[in-house]
Amino acid sequence: MSDREPILETRGLRKQFGAVVAAAELDVTFHRGETVGIIGANGAGKTTFVNLVTGYQKPDGGTIRFLGRDITGQGPRHVTKAGLCRSFQIPQVFGSMSVADNLLMAVGIAEIGWLTAGSPLEQPRRRALVEELLATYRMEPYAGHRADLLPQGVRKLLDIAMATARKPALLMLDEPTSGISAVEKYGLMDIIMAALRAQQVTIHFIEHDMEIVGRYAERVLAFAAGDVIADGPPARVLHDPRVQELVIGRHEAARGVLNHAAPPAESGS
Amino acid sequence: MRRTLLAMLVLAVALAAAAAFAPGWLAFLLAVVMAKSLVVAGLVVMWRAGLISFGQALFYGVGAYGAGMLGMRWGVTDFFLITLVGAATAGVIAWVLGFLVARYRGIFFANLNLAFSMLLFGYMVKSSTFGGTDGLRAPIPTFLGYEPGDATRVGVLLVATTAVVLPLLALLHRFLDSTAGRMTTAIRDNEIRVLYLGGSVRRTIHLLVVVAAVLAGAGGAMVALAIGHIDPDVAYWTTSGEFLFVAVLAGPAHVLAAVLGTSVFEVIRTYANEYAPQFWQLILGTSLVLSMLFLPDGLWSLAGRLRRVRKEAGHV
Amino acid sequence: MAKRLIPAALMTAAILLAAPAARAADEPLRVAIVSFLSGGGAATTGIPIRDAADMVIRAINEGKLPAPYQKPGFGGWEVEPIFSDENGGTTRVVQELRALVQRRNVKAVFGYVSSGDVMAAAPVAEELKTTLVISEGGTPQLFEERGYDYVFRPTAHGTITSVGAAHYLKDTMPNVKTYGGINQNYSWGQDSWRDFTLAMKKLLPKAQARTNHYPKLFQGQYASEITALMQEQPEVIFSSFWGGDLEAFLAQAAGRGLNDRSKLVYTIAEISLYRMADKIAEGTVMGARGPYGALARDTELNRWFVKNYVEAFEKQPSYPAYHIAQSILAYKAAADKAAAKLGRKPTVDEIRAALTGLEFESFSTFVKMSLGNGHQAATEAAFGSFHNDKVKGPTLINIKYYPADCVNPPPNMTSKQWLEAGMPGAKC
Amino acid sequence: MSMLVAILVDGLVNASWLFLVAVGLTLVCGVMRILNIAHGGLYAFGAYATATLISWWPAARLTSPVSFALMLVAAVGVGAVVGLALERGLLRFVYGRDEVVLVLITFAAFLILEDVLTLIWGATVIAAYQPYSLLGRTSVGRLTFSNYDLSLIVVAVLVTVGLWWALTRTRRGLLLRAVIHDREMAQIVGINVGRYTTITFVVGCIFGALGGALTAPMISIQPGIGVEVIVVAFAVVVIGGMGSIPGALLGSIGVGLARAAAVHLLPDLEVFVIYLVMTAVLAVRKEGLFAPAAVRRI
């Protein structure tokens, strides 16, 4: 994997919330075309990592380079425009709009510029793109539904589909299957992975379900207490004794609860 | 868009007819309604993005005082020039304040706007340049060199006001269909998603603040020219409240709702004052409460209901 | 939908609002009385105006006024008054004025309290070619800024209050050394203080002006201002307060003992003389805008007015009541004069012509419409000192009258010019 | 020196008055997240009711304690009746609607209250000046202060201490703070949020009426006294942080002192001062001085 060109590198990335270390001097390098699974117990720093990299939170120290450019401390908008997009554990969609309009809005904002901001959003070319996205993510039956009334799985898909409107180089998926029943998970991941791989997007996804990680990731990062404790192919990382103890063991015990309860609030992790 | 344009055309013809044939007081009332509906339309656009301003009277007042100063100090009397300058002045002030205001949301946005408008009010009350509380006389307007007599002035005023207001409302309608315009709803729904799509929330809000201010400035200038007099009350909080009231009464569904809402408001007020001069506030307040309770989406939603009723009737 | 809805609504509105059918020739002359019927100015000013107007118009219609006005009607016209609220700002005032004239067929409009409203209403009346008789709003600017054909003010403008107060001080406290002021922060208060200081410079050049305080209109609480005035301790405190602000200040000043240290001079406090009697210190100087109320001259007309007013409303008439009564009487006098000249019922334009430059006997004083090309009255000013009589109750004593030529600028000068020039030509 | 005393005393008197008219508003703001414009109407009702009670009481037997008791009775009576009518009869139908609707419905309620006042009391001036002079005066050097003004400071302190005690030392107060802090969580743990909302609104209204009742002896009571008070009280609430009682206290003191200083040193600035303070504070801290921490969600 190391023969591929690096896409995202962090050096000495630090973030602390009070006494809690959410990111402890992280040095990680990701490569173009990789599909990376990120695992870790709640509070291990997974989402903080995504928040730092995508500019939602400012790091206390360290640097982030994306496609060779320093993006440390830049806001979400700039990071997104640079080609690094994300989806959310709790889907972030435009609740009062239909699914199709959500996608249209996403495509429109992706294309916005000083000159185009005043031209009509509604354009046949954009509608075609929307149709394409609807087809790719198998959401045609929901095209006219209000986004805040969608089933959780469809809403997740919509969130991810919107994140791809800009054709990102790297897409970070924050727990794409959380809140989805075990039966539906694989179908959902199949749709997402097929769509993203067809676009040759580099994928990072945070995941609690080890089977899904094993099945879709080609590289796994295990987080604990804000630090990466293992990094490598799934077969090796998932069998690492420390990972077993700090990530999987605890997690598997809690899993039964997690799958039946409402998704935990994002702010805590 | 085509339907809206058609509706506007019909409205323009109706107003022109009113200018020619309606009694003077009605033509005058309609001119004021049209001018004020611009202010309301600006509020409605901000409201679509979830922003409520308790201080829109600031820009309304700037437009009005701009008209007075232009006329009294520099002898400018042209209706269109004065309106343009009023709108531009309000726009520039909004652009400057926008750098601060665009960071604020919800009640904080409302509060800061209120503070700014009350500062203007306080200044106008003190300022002898602007006539203190006695206010300032606005010039008797001319229209591109044409100077109507006393008998025709109101009619011409209505035509000129309509000629400014309807194109602006059409433009606004078009803006709401643009990417930036549609982003208003997106921002109200979910700012984070807008950011993570690469859209600028702050720049869009800044734009909205300026757009609404330009509309309010133009409206203020035209009302000042119609009334012929400006006093600091134009910047008082109750003026802002009244515009906000009309905005809610109208509903955010369509730019023409602003015209409808303002008409209804002014008619209620006129008749309340005629039949119960001491209790017009009671009547006004009660009608507003009733409209908010029973027409939660504003007067415009009546149109939708009517259509539905008619459709059902047609099927029987 | 929209394209049908709006015109339909407008049409309906137009039909609903359309003016009633043309009126027969012998119908009464409809006039409007506009004053504050709600809000801050209603209680002390607006309601007395409405009451007095109603009473006087009734009496004139029925021919119950004493001589020389005993003839029923206004030059043969019966007048039908309608009442309108001035509250709500100039936009509303102008809108209302147009509706009154064009929809409700009003032929003449009386009243207006706020100077801002007066300034806004005057050009509209001019445009609508409808007689506007201002009774209360007293800004001298009205006729100094431009000329009017349709606008009249048969009451003296505000200048006489400040100039009159300075004269009264000169006559009663010629050795005063320092004076301060407290005036509401709006045009009336600002103009009053300016005029007073200018008049004082001429009449009592040795007296020195201290700070003036400009609290907000309708502020209601003056604790800080009173402390500041105590701190400065001027011999005389000049105030043009009126309405609720005046009464609140009287109560607070009495509660704090401000009266013990300084002589208070109120230009238009007559309005509160009876209600606030126990808060007013002996010797406090009080005026009205003209010789009205407790300052009124004892004439038959005045006795009639006071008696009927007290019977109807169970209180003494204050100067706003006098002002509107005087304005209506001016209209009656003009109409009668025109009718006598023409030998028939005059038209509104003929009444208007007769009103210009009219001279007539009012309820307590003689009025000459000598300023503003015959559209603005000049009257005498009157001031007195407060005395709470054990038997007669609160009253004003030591009343002094200053003739119209003494306290008004000549026709060719604005108030400000005249005062700044040292009141040339004043005949006192 | 005497200037300093003057500014300090005037400032504190002014601050106490501001606090008394603003505290009810901020309380309602905190629990219901609405800006209650009808507060101005309650202020006016409180003043009118007090004046009426005082005029009914035989003047010869009116003593200071009696007049304070009458004010309290008037405030509690009027505040409870009008507050309950507003909350049960009007506001509860619009809970959950847009913020702007809530504000405007209180604005409409304010307009209605203004005219209801005129219906009940007529458009005449009424007065209740007696209590103002009953307490006498205190002289400090060449300055004389009214004891009634000074007693406002005492009342403000009593209200502050009382509220502090009620909110931190009583079970109900603690539950109320839980509601202020996180409405949804309070609901989940089983607090009857609806009832707390009603009670708080009524208490807020009583404070509004109390503000008017205490002001009644100083001013002449007439239609329109409420409209000025709203914007002043609102400014204080916003400066302090909407919903924060310590904020309202600090805001009142700041504005009161600034105003007193302006009267004595720069009389021209007086009209502005409150809005200057408000704009300055908001421009730097949008939540005001003491913002109740808001939970930000992704």
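Every chain is named by a letter (A, B, C and D) in the order it is written, and numbering of its residues begins at 1.
The definition used in the following text is that a contact is a pair of C-beta atoms (placed from the backbone, for glycine too) under 8 Å apart; a residue touches a chain by one contact, two chains touch by 3 or more.
Because the structure is predicted, anything quoted here is derived from the model rather than measured.
With centres computed from Cα atoms alone, the innermost chain of the structure is B. Chain centre most remote from that of chain A: C (centre = mean of CA atoms). Chain C and chain D, compared by their mean Cα positions, are separated by 36 Å.
For the pair chain A and chain D, the distance between C-alpha centroids works out to 50 Å.
Chain centres here are Cα averages; for chain A and chain C they lie 75 Å apart.
Within chain D, contacts with two or more other chains are made by residues 114-115, 118, 123, 268, 271, 298. Shared contact sites, meaning residues of chain C that touch two or more other chains, fall at 37-38, 185, 216.
The multi-chain contact residues of chain A, meaning those touching 2 or more other chains, are 88, 92. Contact residues on chain C toward chain D in their complex (touch as defined above): 37-44, 46-47, 185, 211-216, 218-221, 223-225, 227-228, 230-231, 233, 243-248, 251-252, 254-257, 275-276, 279.
Residue ranges of chain B in contact with chain D, taken from their complex: 47, 52, 100, 103-104, 106-108, 110-112, 114-116, 118-119, 121-123, 125-126, 192, 237-238, 241, 244-245, 248, 278-279, 281-282, 284-286, 288-289, 292-293, 296. Chain B makes touch with chain A in their complex at residues 174-175, 177-183, 185-186, 188-190, 192-200.
The touching residues of chain B, when paired with chain C in their complex, are 3-4, 6-7, 10-11, 14-15, 18, 22-26, 28-29, 32, 125-126, 128, 131-135, 137, 140, 150, 153, 223, 226-231, 233-234, 239, 254, 256, 259-260, 263, 266-267, 269-270, 273-274, 277-281, 303-304, 306-307. Considering their complex, residues 2-3, 6, 9-11, 13-14, 17, 114-115, 118, 123-125, 127, 129, 132-133, 137, 142-146, 148-149, 215, 217-225, 228, 259-260, 263-264, 267-268, 270-271 of chain D touch chain C.
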